[in-house]
Amino acid sequence: MLREILIKDVPEIKIHGRTTDCLEPLTLFWTASGFECNVSGTEFAVEVEVTYDTFEPWFSYTVNGDWIGRQMLPKGRYWVPLFRGMNAESIKNVHFYKDLQAMSDDGNSYIHIHALKSDGSFYPVEEKALKLEFIGDSITSGEGLFGAKKEEDWIPMFFSALRDYAYLTAKELDAQYRVFSQSGWGVYNTWDNNLRGALPKYYRQICSLMFSEKNERLGGNREHDFKSWQPDFVIVNLGTNDASSFEQPEWVDEKTGERHKMRKEPDGSYCKEDILCLQKAVKDFLHTLRECNPNAKIIWCYGMLGINLQLELCGAVSEYVSETGDRNVSYLQLPNTDDSNVGSRSHPGYLCHKQAAEVLSKYIRTLM
Amino acid sequence: MLREILIKDVPEIKIHGRTTDCLEPLTLFWTASGFECNVSGTEFAVEVEVTYDTFEPWFSYTVNGDWIGRQMLPKGRYWVPLFRGMNAESIKNVHFYKDLQAMSDDGNSYIHIHALKSDGSFYPVEEKALKLEFIGDSITSGEGLFGAKKEEDWIPMFFSALRDYAYLTAKELDAQYRVFSQSGWGVYNTWDNNLRGALPKYYRQICSLMFSEKNERLGGNREHDFKSWQPDFVIVNLGTNDASSFEQPEWVDEKTGERHKMRKEPDGSYCKEDILCLQKAVKDFLHTLRECNPNAKIIWCYGMLGINLQLELCGAVSEYVSETGDRNVSYLQLPNTDDSNVGSRSHPGYLCHKQAAEVLSKYIRTLM
Amino acid sequence: MLREILIKDVPEIKIHGRTTDCLEPLTLFWTASGFECNVSGTEFAVEVEVTYDTFEPWFSYTVNGDWIGRQMLPKGRYWVPLFRGMNAESIKNVHFYKDLQAMSDDGNSYIHIHALKSDGSFYPVEEKALKLEFIGDSITSGEGLFGAKKEEDWIPMFFSALRDYAYLTAKELDAQYRVFSQSGWGVYNTWDNNLRGALPKYYRQICSLMFSEKNERLGGNREHDFKSWQPDFVIVNLGTNDASSFEQPEWVDEKTGERHKMRKEPDGSYCKEDILCLQKAVKDFLHTLRECNPNAKIIWCYGMLGINLQLELCGAVSEYVSETGDRNVSYLQLPNTDDSNVGSRSHPGYLCHKQAAEVLSKYIRTLM
Amino acid sequence: MLREILIKDVPEIKIHGRTTDCLEPLTLFWTASGFECNVSGTEFAVEVEVTYDTFEPWFSYTVNGDWIGRQMLPKGRYWVPLFRGMNAESIKNVHFYKDLQAMSDDGNSYIHIHALKSDGSFYPVEEKALKLEFIGDSITSGEGLFGAKKEEDWIPMFFSALRDYAYLTAKELDAQYRVFSQSGWGVYNTWDNNLRGALPKYYRQICSLMFSEKNERLGGNREHDFKSWQPDFVIVNLGTNDASSFEQPEWVDEKTGERHKMRKEPDGSYCKEDILCLQKAVKDFLHTLRECNPNAKIIWCYGMLGINLQLELCGAVSEYVSETGDRNVSYLQLPNTDDSNVGSRSHPGYLCHKQAAEVLSKYIRTLM
């Protein structure tokens, strides 16, 4: 007998990703946030409520760990079927993933989860022994993992949580994981020199980079309770957009007239002063990460779209370690994108993410 | 400006797969049947009408040749969004695939296509130079290409058109293709000895293995007009279920009392008499195929789930060629499934299908 | 203390490949024939005696199963060092392989093994549980496995025992193996229509295709004692040169005026009469193999250089099985050569042999 | 007609690797040093003179770029055949490689090349557009690229020039290259804390790490004329043994009583003072390299046996660049060794070297 049940009445459900305590409904902010449940019965569906102004959310889901479907979510509140016709007795693990990052450019783009529908019963989801947090930019948001190579539109359809190195690394290590990422942003500024897009500024809140009243209402701007979920490893994959900012024109805030530009010297080298700002941002972020995650091993990753800033980034991490004596911080180069592994929008493709996940998961194993 | 348009009013649309002439609506019968269009505009959706009693259809679609989404289709008539937010001027190729075979066990399982919605214009779809027809069983229906290895439910969710060797071969060769397949069936009988499940019996009709009045009404039982679409290559991948029938108990028709069994001798060898029936079926089917497709090269493939019947099948093909002098018939062994490439339901997985597509497409190239 | 010891005085030595009982010296005829020993000590060398008129032999060797060296063997009797500087106590497995086929075109091309030199002791070589015999043409002789793609010289340098599918299959299955092969020859005639080059004609002797008085003296023409070494699997890889003979001009024996040609019909098809001769040769050879190896499983392989004769060969094997009821005979298609895996002299390269070994070893496992 | 010719009389010959001007005979010091020539004729041999006390040299050679043979070289002066039976007219490229590093532990281990024997003529060897110099330790000396995984003997047999990342990178980029390397040594000290084994100390001489009167006589201790061969890229792969020295006991010079040890703090971290010495050595070496190779791009590589010192090495390189403004220096992490790609002696195997060559050659391409 099919019955509908509010998710607040399903204590066995497991919530993934940074979010508030609210379950009426549950709000999904970040890439790869979602829910997971173990459920018997022949049929299963989820009631979503979707809002957006510009960028519609997508979702993917797995059944028993294998990717089953992916679809665009139109506006509105409605039921989405996830499986039917299955053996009634067997317990199925279903994992619903937001396939889109928190969209800082659309303060109204959310998936809410209201209820589940099933003819089975719910069972607890086993806790994974290992917890990972991934912090990054478009690469970590899975941009370019869908779509033909020639695609250039910056749209949700070409983002995905389920082909990226974060998902693949967590799968390889049998870990649960969270993603905190924003396309185009960096550790110090955005790809086009906007200082507002320094991801570290937003790290202490649940999801404060959705600039809207709605986000305030939903609780995204509240302080995040780090004690509630302490990762064993924090993987930072930032610097790619900072490298790009040196090549881009000055950013001008049309309202305030504020301007900013990462400069190059006449001989083509990076301006030392600007590099020092960048390196300070790296070190400051490491201090923040350590404060929020006292026991985590922190790995600064870089390289999936070139290593132009490798010496500068690794040098800054090296200085942080030297200055603090914090031995649980390291630096890892990840495989680069080339013709053989590129995806859409000139971003790393699935093959590149697979290669990165292999390098990263092997490295994490050496630290465990 | 978004506008809705009946597909009969989109002459630029390209229909894939065996179906009737009817476009009000268009009925999709077979795996990988569907439609393709080139369309500009920012947004695109399709109006489907879905019916079924037991086995719900699924669909997948590509944009510019890259897989974008896959979802279950609930009963009813409704719009499904395929893309939005794209560049208005660029022309997008959209291809909608039925992800489920014609379900002989559910005479009410259909996808109908009524209309399209777009703010762009339609443009002709270029005809591919090469045409392929794939005839087979569950392997060709893409069974087991979704789902975890442990899955055992025989449900639509685990079938797919877009990971199978037919799709991959056509993509590699830049060909258009059709699939004519049925899970569990063979060239002579089903995996469990049912003589009704001999796929050749249904080859001359559009889709006569959906046993229902509705199918009669929809025109599936009408004779297929082979002149309307002549493949350059016919790839037959049958025999796997016939091999299995020797290991299965006798089939009994509960209504008529009719019985049938492919027998083994006490020493474990195949009963010669039954093998002769099987080989006659192979040769008869080759005659049929040749009659319906006078100029096609016919390739009998086998081996993705073992080669138990290889000598018997290849011997029959050899006899046909020797008896007829038909030089355009050959035999090709495809890569086997093992632990490294298996999918769900003990069927070949994506890796095995990729390997098969590589062997097959290379072989086809040697014949071109 | 280094000491020289005649191999007849090393009972622990293991001889590989068809040869006579003579150990003073041991004569190596076939590809991959040689000796294997387990020996302690720091240093090890072998005394060879090498003769040839046109085609000099080469050898390769492994230490503890890993390929260490490969070199041309000039004429004469001399010592060849195989290792030095190793740990005195550890027991090293050393395997010496003739890297060249029995050269039917040079009745004087032999490697003889006289003695060993070591400062250690000899220990028994464990018998492998599985025995394989490979029968074939240039593919099985490892032609084209050395040398740049552009090489066209037909010389010993481009043959090798240690990269071919026979070696790789045996390694994968932990089997001992023998090779019986001749480049350019077939099951019925050579690539250029010479009936003398039908490999089955020579199967019952130790090595009767070296046409020389010396071979008579060395005992190569004596009947082979099949009871002395019964393979579990006989792998026949013949037919590739027979396919080629249909495309080549008539062969004329200048001395006797004898002529022969595998013919094609005006429409390009194979002449039926000639195909029947070929098929009879296949069936006759299977009878011979069964007589000589009563309990072996026989696998007829084909396809590493195209499958032009697949229907004809498989059809003949099928007929043999149908006529005899011999259930231990099967047919297996092997991976084809293409641009991605070709070696020198337009022959399958190492990658192709690796792919073939993978297919073959997996298939053998299903029969075990 | 075969004729012998002293190599001083073959102006077309091309010498590879750092050596003296002497051609009577030519002395080979380093891994991958040797000669290359383009020669017609059917047959070709080389006259070597080999000396050693403990560690015998080996060589490998290619014909037309493909690896043909590898063998141990016993003491003495003798001819080694390289090819025979080839087409007389075609011009063959033959490249002879020393397969063993300059052995600092055996001041008598040399290959000398006296003469060539051929029935053809010599032709100039085209100059490659790109020049690479590789500086490293056992990894760059190709240690562990031959031999079974279980091998533990430190002997020449398990070293090779022809499977290592230097050879493979040069091949991929169509470059000529030189190797300057020593197993067990580092940028600051050896794996076991010996300060004498700091490779930079020997960089300015031809080959001054062979500690013998013979080396003096042969000219190895003379200053190297850097102008004679300027690489486009200098690849330094040092640091792996320095990392190891922190884990090893103190080194004591039995003669002088001198002692040295890279220390760890009680909490397991590296002693800061010792790290500063190491980092100074890195920076000093970069200054030396820049002085000797004013226009070369310098890439510091690391990671094929773990990245324990990554922050420290990369930090030092970063400081050098920051202090000098030298923009042509960068840092690259190479793929790590694990169970899947390990060779003998717990060193990177062929697969790991292939992966490293792929990463390195792609990176070099981005700098070209």
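A, B, C and D are the chain letters, set down in written order, and residue numbers restart from 1 in every chain.
Keep this in mind: a contact is a pair of C-beta atoms (placed from the backbone, for glycine too) under 8 Å apart; a residue touches a chain by one contact, two chains touch by 3 or more.
Source: prediction; values computed, not measured.
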Numbering shared by both copies at the subunit B-subunit A contact, with half separating same from different: same
Mean-CA-position distance for subunit D and subunit A (Å): 44
Geometric centre distance via CA averages, subunit C-subunit A, whole Å: 57
Approximate Å spacing (C-alpha centroids) for the pair subunit A, subunit B: 38
Interface hub residues of subunit B, defined as touching at least two other chains: none
Category of the chain touch graph - line, ring, star, complete, other: ring
Contacting residues of subunit B [partner subunit A, same complex]: 54-56, 58, 63-72, 74, 81-87, 146-148, 150-153, 155-157, 344
Subunit D residues touching subunit A - in the complex, by the definition given at the top: 267-269, 272, 303, 306-307, 310-312, 314-315, 317-319, 321-322, 325, 327, 329-333, 335-336, 338, 359, 362-363, 366
